[in-house]
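So, here come the structures, one by one.
Look at the two complexes coming up: chain A is in both, with chain B in one and chain C in the other.
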Partner chain A sequence: MARYALLKLLYAIPTLLAVLVLVFVLTRIIPGDPAQLILGDQATPEAVAALRAQLGLDKSVALQFLDFLVGVLHGDFGTSIVSGQSVVSLAAGVLPATLELTVASLLVGIVFGVPLGAWSAMRRNRLPDIAVRIGSLVGLSLPAFVFGILLLIVFAVQLGWFPVISPSGEVGILERLRALVLPSITLGILMAAYITRVTRSSMLQVLGEDFIRTARAKGVPWWQVVRRHALRNAIIPVVTVVGLYLGVLIGNSVLTEMVFNRPGLGKLIVGALAQRDYPVLQGLMVLYTLLIILANLVTDLAYGVFNPRVRFA
Partner chain B sequence: MNAPETLAAPPRAPWARLGLALWRTATANAATAIGIAAFLAVVVLAVGAPLFATHDPLDQDLLARLVPPSPYHWLGTDAFGRDIWSRIVYGARISLVIGLVAVGIAMVIGSGLGILSGYMGGWVDQAISQATNILLAFPSLILGLMVVAFLGPSVPNLIAAISLATVPQFIRVARAPTIALRERDFIQACRALGFSPLRIMLRHILPNIWPEILVMGSLWLATAIRVEASLAFIGLGVKPPTPTWGGMIREGFEQILTSFHLAVFPSLAILVVVLALNMIGDGLRDALDPRMKESGK
Partner chain C sequence: MTDAPVLAVRGLSTQFRIGGAWRAATRNVAFDLFENQTLALVGESGCGKSITCQAILGLLPHGVARVEGSIRYRGRELVGLAEPEMEGIRGSEIAMIFQEPMTALNPVMPVGEQIAEAILVHRKCARAEAKAEAIAFMDRVRIPAAAQRYRDYPHQFSGGMRQRIVIAMAMACKPKVLLADEPTTALDVTIQAQILAELRDLCANFRMSMVFITHSLGVVAAIADAVAVMYAGEIVEMAPVEELFAAPKHPYTQALFRAIPRVDENAEGLQPIPGQVPPITAFGEGCRFAPRCPARMPRCTGPTPRLAGAPGSGHAVACYLHHSETLDAEAAR
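Let's look at the complex of A and B:
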C-alpha cells in the first residue's frame, strides 16, 4: 500500500509541473503590459516601471519562471497588489469555508446518490427507475448557479426558512449549519446526479453476475445479497467517479459561493478578477491546481482501499 | 468484447448507423424525441431571432423598468426596461454559436489527435495521452476561468477556452476505439495493400468511430453551453449590453429580492437547452452501445 501511494505521488509531480507552466504562460500572454493594466491609463511611466520591477517583469522570462517555481516550492504564491496580503494568508482565511461546503456537498451527493442509484437498478424500467433517471438527468443539467438561485427564491426569499446571505463572523454552530443547507444542496445535487447514474449502471452490471445468483440460490435473503454482495462491488466505480468529479465540485463551488454570498476561494477569485489583482489570480490558480491534484491523489488511494485488487497490480 | 466483432463484416455505413440510431431512439425513447424537438426549437428561435423577438433586445424603456410578465412584455422587462423574451431569443445565438464552434473545434482537433494517438502508438501515444491526462485533471469551469480571466472575455477567447477544456474528452473517446479497430482484419488488409497511414486513419478509422464522437459532441455541447453561462455569471462573459443568458442571470440576481422573473427566465432557458442536449446524448449512447442492447433494453 505504501509503495502504491508513493507511486501515485510521483505521478502527480509531472502534472503539477505542467500546470505550473500553463499558469505561468497564461499570465504572460495577457495582451499589454500587466503593470500598465493594473495601474490604468493615467499612471506615470515611473510608477509603471516601479511596479514592473516589483512584479519582477523586468527580468528575463526564464528568470521569471524560475522565481515563480522557487516561490511556489517555498509556499510563496505571491502577494496581492490591492491589500498587500500574501495569497497564502488570504486563502488560508477562507479555505475552511470552501472545504466545509465541499465536504457537505459530497455528503449530500453520497447520501442521496448511492441509495437512489441502487434502488433505480433494482426496479429497472419501472416507475421508480424512470423517475430517478429523469431526476438525475435534470440534476446533471442544472448549472450550480441556476439551481442555487431557484432554491434561494423559494426557500429563502418566499418561505424565509433559510438566510438569504450567509452570516459572516462568529455565529453559533446551529446558525452556521442552517446557512450551509441551501449551498450544500445546490452543490451536492450535481454530485448526487452523477453518483446516482454511476451507481445505477454499476449495480445493473453486478446484479447480472453469477455470484449474485449463487448467493440467491444458497438462500441468502435478498436484502443481504444487495447489501453484502452487490452494493459492495458496485461501489468501486462510484469511488472513481466521486474522485473525478471532486474537481468539478471545487469548480462549481465558485458559483455556489457567489450565489449565496459565502466567503471562500471562489469569492476570492471573483474579487481578484474585479480588481485585476493578477498576482492573486495566479496564486489562486496554483492553489486550485494543488487542491485538484490532491483530490485525485486521495481518490486513487481510496480506490486502493475499496478495491484490494488494485493494490497488488 | 472485441473477439466476436472481429469476425463480423465491417459495420454499416456510419451515417446510416447514426441516422438509424437517432430514429430508433427517437421512436423508442420519448425522452430523446422531446430532447430533439426542444433543441430544434431553440435553434429555430436563435436563427430567426429577428422574427421571434417582440422588441429590440438592446432597446431601453426607462418608463417600463422591472415590469412583470404581461401581454406586451411576455416575460417582463429588466432593470433598464429591456424586453426579457427578446433578450433570451437573441441570447440563444451567443450560447449556440460559442457552444457549437467551441465543441466543433475541439471535436476536430480532439478526434484527430485521438486517432493519431491510438493508431500510431509508441511515443506519439505516450505524449498525447500524458498531455490529455493533465488537461483532464482540470474541471472545465476552472480551466475556462483561468484562460478567460487572463485573455479577457471576448467571443474568440471564450471559444478558445471552452475548446481547450473539451479537447481531451474527444481525444479519449477517439483513442480507445481506434486501438480496437487497428487490429481488425479490414484495417490489416488496408495496411497490406500499402495504404498510407493518413488514408487509413481518415477513410477507414474515422468513419467507424464517427457516431461515438458525435454522441460525445452532443453531451459536451451541453457542458460547453453550461460553462459559457457560468463564466458569464461570474462576469467573464461577452461584454454587456450584448444579451447572454448567464449575463442576464447575473444582472437579474441583483434584483432577486424584488423582481425574481429577471433571473428565472434565462435560468429556465439554460435548463431547457442543456437538458435537451443531455437527453439526446443519453438516448444515442444507449442506442449505439451494444452492451445496453444485449442486456435487453
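Let's look at the complex of A and C:
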C-alpha cells in the first residue's frame, strides 16, 4: 500500500511541471506589458523600464521561468499588484471556506447519489427507478447559477430558513453550517446526479454477477447481499467518477461562490481577473492545479482501499 | 438407503416469461435423492439441469421465473416457501457450488471471510469462532497454509484453489444436500480429478447427498450412484449408474454413449447426434427427442411418453420403445 501511494505521488510530479509551464506561458502571451498596465498610460518610459527590471521582466524568458519555478518551490506564488499582499497569504485567508464548500458538496453528492443509485437499480424500470433517472437528468442539466438562485429565492428569501449572503468574519459553527447548506446543495447536485447514474449502472451490472448468486445460495438475506456484496463492488467505478468530477467540482465552486457571494478562492480569482492582477491569477491557477492533483491522489489511494486487485498490482 | 428420501422432487415445472408468454424450461421433473447418495443429472447444454437445481434452492428470479410442482426436503415443502425460511435452508441444509470458480467468489472480500459469512449467517457464534471454523474447512479441502491465506482475495488463487474455496464455503454449515452445478467443467483434467475425489470424500464423511450436474459421462462414472438423463427440460431416463452404463435404453442416452470418443476405436466410430436441442420457445407435445431420434415412430409425436420402468428395477425410461415392457409389468402386478 505504501509503495502504491509513493508511486502515485511520483506520477503527480510531471503533471505539476506541465501545468506550471502552461500557466507561465499563458500569462506571458496575454497581450500588453504588465509594467505598463500597472503604471498606466501616463508613465514615463524610464519608470516602465525600472518597473520591468524590478519585476524581472527584462530577463530572458527561460530565466523568468526559472525564477517562477524557484519561487513556487519555495512557496512564493508572487505578490498582488493591487494590494501588495503575497498570493499565499491572500489564498490562505479564503482557502478554508473553499475547502469547506467542496467537501460539503462532495458529501452531498455521495450521501444522495449512492443510495439513490442503488435503490434505482434494485427497482429497475419501476416507478422509483424512473423518478430517480429523471431527477438525475434534471440535476445534470441545471447550471449552478440557475439552481443556486432558485434555491436562494425559495429557501432564503421566501422561507428565510437560510441566510441570503454568507456571513463573513468570525461566526459560530452553527451559523457557518447554516450558510453552507444552500451552496453545498447547489454545487453538490451535479456530483449527486453523476454518482446516482454511475451507481445505478454499476449496481445493475454487479447484481447480475455470479458471486451474488453464490452469496444468495449461502442463505445470506437479500438486503445483506446488496450491502455487503453488491454495493462493495459497485462502489469501485463510483470512486473513479468521484475522482474525475472532483476537478469539475472545484472548477464549479468558482461559480457557486459568486452566486452566494461567499468568500473563497473562486471569488478571489474572479476579482483578480477583473483587476488584471496577473500575479494573483497566475498563483491561484497553480494553487487550483495543486488542489486538483491532490484530489486525484486521494482518489487513487481511495481506489486502492476499495479495490484489492489494484492494491497488489 | 431404504429410508425416506432426503430430497423428493415431483412434477417440477419451471417456467420463464419470454416475450410476454410463460414458457416451460423444465417439465414434470421427478426424482428422489437418498441419504449419502449421489445423483448425476446429465444432458446437453440448455436441457434444464442448472435451472432444476436453482429451482430447488429458490434462486430463480421472481417475476421472470415461476416454479410449479413439489420439492420436499425431509418432508418439508420448499415450493412456495417464504423467502426468510428459504434463506434458513439455503447454505445450512442445502448448499450449492457453481460451475465458474473464477466468478463465483466476491472479488473484494477476503476468501476466508466469505466462508465465515456462510457460518455466521446460520449460526449465532463469535466472529473468531467462525474464522477458526472457516480455516479448518479451508484446511479440510486442502488449501495450503490455510490460516495465512484467510485474508487473501480470490484473484490471488488459481482456478482449482478457488473451486476448493467455493466447496469449503458450501460445506461450512455441513449441509445435508449439496447441489453441484458442473463444479469441474471449468478446470483442467488433473484438477478435475482432485476436486471429484474431494467431493466424494466429503460426501462420505458427512453422509451428505449430492445432485451432481455434468455433461460428461466420464465424470458420472467417477462419482454417481444414480443417473438421471435430461433432454429439453425433461428426465428421459433414470437408473443406477452401473445399469445405465450397461444397458442404456432411451435412444438419446444411447446416442450420448455413441458420442464419447474412445482410444481403442477409430474416430470414425464417433457418432455425433444430428440436429440440436430445440429452443425453449419451440417445445411442443410428444417426445421432444423425436425429431432427432433414429428410432422415431408415428406415436412419438402424440401424447408425451411418461417416465416409467419395471417396478423394483429402479430403471425408468420415457420412451414408447420400452413402454410395452412397462405395461406388461404393470399388468402382471
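One rule holds in what follows: the second predicted complex is superposed on the first by the 309 of 313 C-alpha atoms of A that agree within 3 Å, B and C clash if a C-alpha of one lies under 4 Å from a C-alpha of the other, contacts with A are read in each partner's own complex, and residues count from 1 in each chain.
What we mean here is this: contacts are C-beta pairs under 8 Å (C-beta built on N, C-alpha and C of every residue); 3 or more make two chains touch, one makes a residue touch a chain.
Predicted model only: the values in this text are computed from it and were never measured.
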So, after the overlay on chain A, do chain B and chain C clash or fit? They fit
Practice problem: Please indicate which partner A:285 is in contact with in the superposed arrangement: first for chain B, second for chain C, both, or neither. | Solution: first
Winner on chain A touched-residue count between chain B and chain C: chain B
Q: Applying the touch criterion given at the start, work out whether A:306 contacts chain B, chain C, both or neither, answering first, second, both or neither.
A: second
For this session: Please indicate which partner A:127 is in contact with in the superposed arrangement: first for chain B, second for chain C, both, or neither.
Result: neither
Partner chain(s) touched by A:174 [first = chain B, second = chain C, both, neither]:
neither
Value for angle(chain B, chain A, chain C) over C-alpha centres, in degrees, nearest 10, is 80
### Query
Can A:146 be said to touch chain B (first), chain C (second), both, or neither?
first
Going by the contact rule set out at the top, does A:2 touch chain B (first), chain C (second), both, or neither?
neither
Once both structures are superposed, the least CA distance from chain B to chain C in Å comes to 11
Residue overlap on chain A between the chain B interface and the chain C interface none
In the complex, the residues of chain A that touch chain B are 14-15, 18-19, 22-23, 26-27, 29-31, 134, 137-138, 140-146, 149-150, 152-153, 157, 164, 204, 208, 247-248, 250-252, 254-255, 258-259, 269-270, 273-274, 278, 281, 285, 288-289, 292-293, 296
Residue positions on chain A within touch of chain C in the complex are 209-211, 213-222, 224, 228-229, 232-233, 236, 306-309, 312
Note: in the complex, chain B contacts chain A through residues 31, 130-131, 133-134, 137-142, 145-147, 149-152, 222, 226, 229-230, 233-236, 249, 253, 256-257, 260, 263-264, 267, 270-271, 274-275, 278-279, 282, 295
Listed in rising order, the residues of chain C that touch chain A in the complex are 57, 59, 83-84, 87-92, 95-96, 98, 100, 103-109, 117-118, 121-122, 153, 155-156, 166, 169-170
